[in-house]
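We just call them A, B and C in the order they show up, numbering each chain from 1.
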């Protein structure tokens, strides 16, 4: 199994605050890795650095062996990383269908000129894209609401739609930021099954941020643990469960009344 | 070969425009004048709609790009026209469209020069930069003697007719509609909705914004060329901030990012301005109140009854 | 050499006025993250307030001039607060574009109602006041001061003195008072400041009052030195002041002051050259250059949007 994503001593500071401090971690091809830690530990910030939204202050990130420093977010997506957002960021006024089809952008053969000439090739591609979009929507049973604007979906469906949209970009690595937030235990269970299914079907590596320990322990092969921007542990679910530093971190934050 | 339905529509509109135009001698000149004004307004409003409505940017300099197009195109017909020694018909049907194209291209270049540095930044900056651009253009035109300076440019041949105004309007609407109605084109709307998410989905948002801006400026420039050859004279003051605002009001009334609503708004405003001439004095006051009240009570626009149709593949 | 020194003085006094206006843009941007388009028209109203108050408050003497200036500032402060309450507050939380369009509406409303009100009218009016001898005179007593071949008008001195006093007062308010601290807290993080019990609405009103008062002072000072006023007079100085705010780093108070002075200087220096007719275009050329090479401005820091 070869390394897909590699973080080497990555640090980022916002003014005086060091949000992520010298973190090193890897994700291998096809692997399902968990990224956990108390609130404010820096998990989302790691996602933002990996996807090029923020540039690390120090350290190096490489994807497929290539450094990603200086690349714009869309260029990183082009290389095969896609994501969902912790605070859902769909295209609210676009239909469910359009939210997904627009994410096929990187694979389009047509552009502005073809949108005007509208030749037979253009039409064939649009028909093909419609089929592929619907196929993705069916995974989460969302084809029934394909014409609704995304903002009218239930919270859970919006989260599911975000995952589908991310898949449409054709990633090798999918970053999921608390995809089960706000779902009840039954929905969570179903979602996790689907995540496993997606990983096999599309042969993806997945990096998953999730607060529910049961869920994380249940499906991840390996787990990285952050606290206050530092990595405090790494290992299999069994190792993490018995790691004293992790227990302390979670007990500590529980004692402070955080989730 | 069968044309796609949308292109059939375009051909039909062009034919009708040509047909009606052939009988324009029998139309009351005043009505004709207003009708051509409507055609130009549709072009202006639809092209600005691509920038401000569909792509979610905010340009306040549409009149500036119009000025660039108007002067470029008028310079071509007034300087080159007399030297060619061909009949007026040839000038009107060959040189004039070429001059419109030139006007559009120069305006598009100006759009690129203004848009490239400012579109990387947030929307408010674009508003001010485009406003500033409009002012610069005015200052430059007032100071360049070759284009008449502050006195303006006179003696522009009256080549604009019903056919040209409505053909250009139809092409503009078709281009904006076509650009948006494709998987590629949904990217404009995605950029308007959420730039961060659009980038994350692999869209080069800067590229989209610049495309919208350049295409929009192009048609503003063409509209400027039509305007120049309709009025017969140009003066720099005619393309001031108020002119830009007039177009912005059309786009907002039409519901920002609606094809039909914006066309209706353009027609209604031109006709209203004509029928209520006396009231023209208070026009800007009315516009400003309209902007404020609309934003407070009905930001989705006036001429919009249905929800934006989400997908039409 | 004297020529240059002369230009420098002219530039400083023009720049001081830009600085006063720029501060209003920057303060509002700091707390609300939006460009108050109508700010340049508050500046215009300031000039008219001075024009109408002057005769009643004893224009022509130093005391009367100061009173008129203060009166104009008060009028503008109230106007700023009213605009914010009626037009911007109901839109809190709506998209930036909605607020921007409303602000443009307010700006146009002020300009165009001005042109239609009889007492104001569309035509320029001289910023002069009737004196007891039937002659007209300026807001403050006027003389020319000569240093060798250097000429400084008393009005220029007044502009500089007033600007310095107001900047010092502003600094004191922002750094030494409770409300000033609240302003800084809010511009640092609006959500957090409301969580620690700061009344954000009050802070916003205060910011508008302060910024508009400075614009009002700017309006009177500008009218004094370019002694004619009209309802559209705010547009160009307003735009240039906005450029000044961006040049200094929008949201940054010392930056706005610095930017204003720089724009004033550059503009005056350009006026003295062959391309003087392009002096109104200079500010925008500068704006485009900053946006290309240093979008955060001279003193500003680029904020990272939280995702």
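FYI, a contact is a pair of C-beta atoms (placed from the backbone, for glycine too) under 8 Å apart; a residue touches a chain by one contact, two chains touch by 3 or more.
Just so it is clear, the model here is predicted, and its values are computed rather than measured.
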Overall pattern in which the protein chains touch one another (line/ring/star/complete/other): complete
More contacts between chains, A-B or A-C: A-B
Intercentroid distance (Cα basis), chain C paired with chain B, Å: 34
Centre distance in Å when chain A and chain C are each reduced to the mean of their C-alpha atoms: 47
Between chain B and chain A, distance of the C-alpha-averaged centres to the nearest whole Å: 41
For chain A, residues contacting two or more additional chains: 53, 85
Multi-chain contact residues (two or more partners), chain B: 196
Sites on chain C at which at least two other chains make contact: 307
Complex interface listing, chain A residues touching chain B: 51, 53, 72-74, 77-78, 82-83, 85, 89-98, 101-106, 108, 110-112, 114-116, 118, 122-123, 125-126, 129-130, 146-149, 165-166, 168-169
Interfacial residue positions of chain C with respect to chain A in the complex: 304, 307
Chain B - residues contacting chain A, complex: 4, 6-7, 174-175, 178-187, 189-190, 192-194, 196-205, 211, 307-308, 310-311, 313
Chain C partner contacts - residues on chain A that touch it in the complex: 14, 44, 48, 53-54, 85
List of chain C residues in touch with chain B within their complex: 34-35, 37, 87, 90-91, 94, 96-102, 104-109, 111-113, 116, 235-236, 239, 242-243, 246, 277-278, 280-281, 283-285, 287-288, 291-292, 295, 305, 307
